[in-house]
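Pasting the structures in now, so scroll down.
Heads up, the next two complexes both have chain A, just with different partners, chain B and then chain C.
Up next is the complex of A and B:
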């Protein structure tokens, strides 16, 4: 089987072609999947796609470039508020235009913030991005007439085009938009990581002095990583606005930023696939426990907090069982399998896994 | 906790039930509840043996203190009804989710209730900013949206939101009545406002201004807060500096407690006039104790003026109170017996009245129609409901009460025709 795989690898050797094939395959599978499931599952699939876009951007910044951001929820808010302002008063704009402008606006903020971030290290960077997460939602409350204050701005849903038929569920249409955005984002990021900037990101993360000696402009690399990451967050934010139908400060609290960190850590830091796994956990685990308060026969002080406690417990156990995240665990299983078949991963020792390699075996 | 309520009597100072003119007259008692036949699955969420309703509630987070009791309490009343055979032989299933008072979570959980759980109707969904996020969606899905737990007058918008109904008196009515009380009983004192900076607080201020006159309260005496920022020190200092002798507070319980503590800390002792939603004595006492680590408590509530549209929880001679207290003791005895529990039960009672009025096999549309055409009278409320085909308001009036400073004050009865619950406690 492994022999067959390596032959296929040779056949589609250029990275872009391989990524394109994977993207097309993923798109086809997701299209079929979204058509098979009910409206509510489509709605949740949309959420996974949205979080995957944001988490992919964050994992590039944190996992591959080594810059910790606690402020990605705020960058999502920039995308979401841009989209909501564009669609205010029931203005009709094509979805693609709204998404692109939101990406741009978050990217521009990303440049400004990236320059500041590139000068900061470790806890100082975490502190600065934390400021962003805490302060930005307050802007919406302060300038109530523009941003709608605590109640926020409502976002009209994007109606499915007529050729899909009158009965086409709007949830599925939104799922298609979000999934398309996620697939395109993943494709672009995967290519980027395989090219010179991607290698520079990792070099800077591993050792800034060594990277500088190798001719990499450390500051510029860090700003670039921040901008790309912010643009992803902006895209996710705009999709989020369509998804929830409401853009309000409470939706983009510090909690959201921490959720994104949770997603990339649970999924596997530094891996795009890990960002997807993490997003699936983020969306579906809370759903499993959400109705518990009204069904369990426990004092409500216990029952009300049970979903949160279980969610926290799952995260703790997941990190104990798979300290390198879901993708790390999958790689380990794969590596054990390889070791048994006596095919050590290229460039690595037999049975030893390189956690940080975004796609081993290529 | 429970003993606090017993020892801390509520005394009624003035009664001001204001009704929208004309609506009182038509109080016919036509119910179609007697129709016989077999149960069918007449609508989503209704089977031959069950009717499922859903809600979004702040069970955790900043709005949870007090409010998290409401859904458990409604559920207790439904369990009581179920234990007595249900309605038309159907058992009520109540599914409620924790939205943490976050509109984004409300949006996603409301879709879960409608698309996944396929509830017949939404019931008692709590919060103004949270429910504003989903009211368009719920109406686009043509799902009855009953008795929103918020006094925003935005729920009374029949042309845009024909499926949405309010329940508690709207905050503007409340503001007007509190304003009138201040004019009549606290005339000549400088008045200041402390309010939540959203539809809740702004509607209340609108009502207050209508009575007191907008120009009598200068900008410096109008202080607001946002629920995401728990530091209310600057606002309290500004009110103190403005010399306000009466502070009207349109706040949720946690922020009423924060304001009271903040004022006590700087030695500022105005007369507090607190809107109903933020004034429950038991909830506030618990919050004051927990925020101040036991240093403060019920003594800060002495002399506080508030308003009510349900019988008082301490009024043990009231038949509604003994009915609901009995259900509380049987099903949810771990919760304190307080205004939130009473609220949840009274709301659940109204829902059961409405289900009964809609007949044996309602559709979503026929249910709404029945609610608009049947007067839901004989419930625990002190004022009538405003429901009609052009009006989706809830209770139309409130009564003003003062919380006694000591625990010696007896409970005096309010005047007005109080109804009694039916013998088995089910409409």
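Up next is the complex of A and C:
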């Protein structure tokens, strides 16, 4: 018993303790932040949290396990429709129950997709998931009596509990729920990645044959990554349902799936922090560009499309100038700073930085 | 039976378009190992350019030439300016780059040409031909579509199989480093590959525009179905792309005709999964299968 305790202390506790501390710190900062800002910003903060949950799940699958999914919007749709069906006809259910059941249903469906996906590689998996993203919303359109067709299902908002006071803004309450979900997801994923399954994910990504020789069950590892990733998407989908108040096929178009993949690459592929950066970009860059477009007076055909054009342009330029995303750029800056600190430049001697690979993935 | 015949004919014409799109994607995949998600948007843009020419009094065939030529140029420019610099970056970066380009072009088109839905004139009548005293759902324009796609495919096959240039392009795609050592200008071959692929995409755009109407996102579905066709056929095989594209055309036509058009994409998904479960690298792939 003592031996186990000390082993736990030596191996697990420091990492877990660090992750818990970061999570608590983030929760405290976010709590303060959400209390300072208005309802509209709370609404946008919720969107960031929702995208961060889904993007973190996709990071695990694509960035760390090497399976490219272009259909994560469809898995979000599964979570969202589960939540909406649970809350149909103004049924009152605690938020936590709705979220957990949505996670479970997306995870179960993720098992089926995961088995199919484990047989496919690279662009073939991309093609299959892309078709999934296009096809799944059509099912909802087709079976109107269950899923409400094109107009979708309305989702009643989750009312803030009484102890917060009568005039507590519902936007802030939803922001709290989404942020809590995001922090918990990040904490769980961060721990997972620092444990045996997490290392197995990366081993399979880097070299399947070597991973198999090292005793890793490649197919099972890939299915596991898909299921965890699907569960995250399900959670994000359920939160999305609360956030938008309506669950319809149009909300889960191919565009959503592509936005998620964009977020993880712009943020920095393969790191959870990158997923957060990417989600911030995803929510705030379109807001910024439409704000910019509305300040200058332009013909409506130009003004309506300028934000999208700028957004597309940013994606292209970002890939040209920052191929490792925001997190990669930050790491490089940190690495240069550290090198300067440890090896101060003397007489033209350069700091020791590996330019091609600033730091291995988290 | 006659319903089946009608659906088969419309599936054939649709399939020819998807086959062209799939072929464009496969050509780029073989040359640079990139899935060009902007392929549809590029075709949309060149079709708008053709319409722009028609609006300014050009006859159809001049507009047709405008679309094809601008497709060729657009492909070459995009490869040279945007894709070349990210060649050595992680593979997903190019995917995001083409997605960004897709969004950019789809926003640029309404800014340049106006956002309203436009009709695009066909080269020939779109009224069904008369066979004996019954009318069939196959118009002269459908025949032209099939013929044009077929002609381009034959020309490309001749180029790749019978000419020195085609051999150099295949060598560059197969092994860029060795080809470079053998004196082939690999960069130029890749640019040419993109240009030709973009030409095929532009052709698909001009041919499908009369039946779909022209708006900034009108090629999105064609891209998705073309990609699905390419994956079914196997991304490394040009023949596979054509067969896969035709299969998609027939399948979508039958599913739409017998089960309702809102199940078309579900049908595509079922077929794709079924094929990939049996052959994870498509029908025509020659590469060894990976064991899992």
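Just so we're on the same page, the second predicted complex is superposed on the first by the 323 of 362 C-alpha atoms of A that agree within 3 Å, B and C clash if a C-alpha of one lies under 4 Å from a C-alpha of the other, contacts with A are read in each partner's own complex, and residues count from 1 in each chain.
What we mean here is this: a residue touches a chain if its C-beta (ideal position, glycine included) is under 8 Å from a C-beta of that chain, and two chains touch if they have at least 3 such contacts.
Treat the numbers as computed from the prediction; the structure is a model and nothing was measured.
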### Query
Clash or fit: chain B and chain C on chain A?
clash
### Query
Thinking of the overlay built on chain A, is A:287 touched by chain B (first), by chain C (second), by both, or by neither?
first
### Task
Report for A:28: first if it touches chain B alone, second if chain C alone, otherwise both or neither.
neither
### Task
Considering only the touch criterion stated at the top, classify A:171 as touching first (chain B), second (chain C), both, or neither.
first
### Query
In the superposed arrangement, does A:251 touch chain B (first), chain C (second), both or neither?
first
### Message
After the superposition on A, what does A:119 contact: first (chain B), second (chain C), both or neither?
### Response
second
### Message
Touch test for A:141: chain B only (first), chain C only (second), both, or neither?
### Response
both
### Message
On the A-aligned overlay, A:308 touches which partner chain: chain B = first, chain C = second, or both, or neither?
### Response
both
### Query
What is the contact status of A:296 with respect to chain B (first) and chain C (second): first, second, both, or neither?
neither
### Summary
The answer to whether chain B or chain C touches more of chain A is C
### Query
So which bits of chain A does chain B touch that chain C touches too?
138, 141, 301, 304-305, 307-308
### Query
Contact residues on chain A for chain B in the complex?
38-40, 43, 47, 137-138, 141, 144, 149-152, 154, 171, 240, 244-246, 248-251, 253, 287, 290-291, 293-295, 299-301, 303-305, 307-308
#### Entry: Parts of chain A lying in touch with chain C, wherever the complex brings them together
62, 68, 116, 118-124, 126-128, 130-132, 134-135, 138-139, 141-142, 208, 218-219, 222, 254, 258, 261-262, 265-266, 269, 301-302, 304-309, 311-316, 318-320, 323-324
### Message
So in the complex, the part of chain C that touches chain A is made up of which residues?
### Response
29, 35, 82, 85-86, 89-97, 99-108, 110-111, 114-115, 220, 224, 227-228, 230-231, 235, 260, 262-266, 268-269, 272-273, 276-277, 280-282, 290, 292
### Query
Tell me, which parts of chain B touch chain A in their complex?
59-60, 64, 68-69, 71-72, 75, 94-98, 101-109, 111-112, 115-117, 128-129, 132-134, 136-137, 196-199, 226-229, 332, 334-335
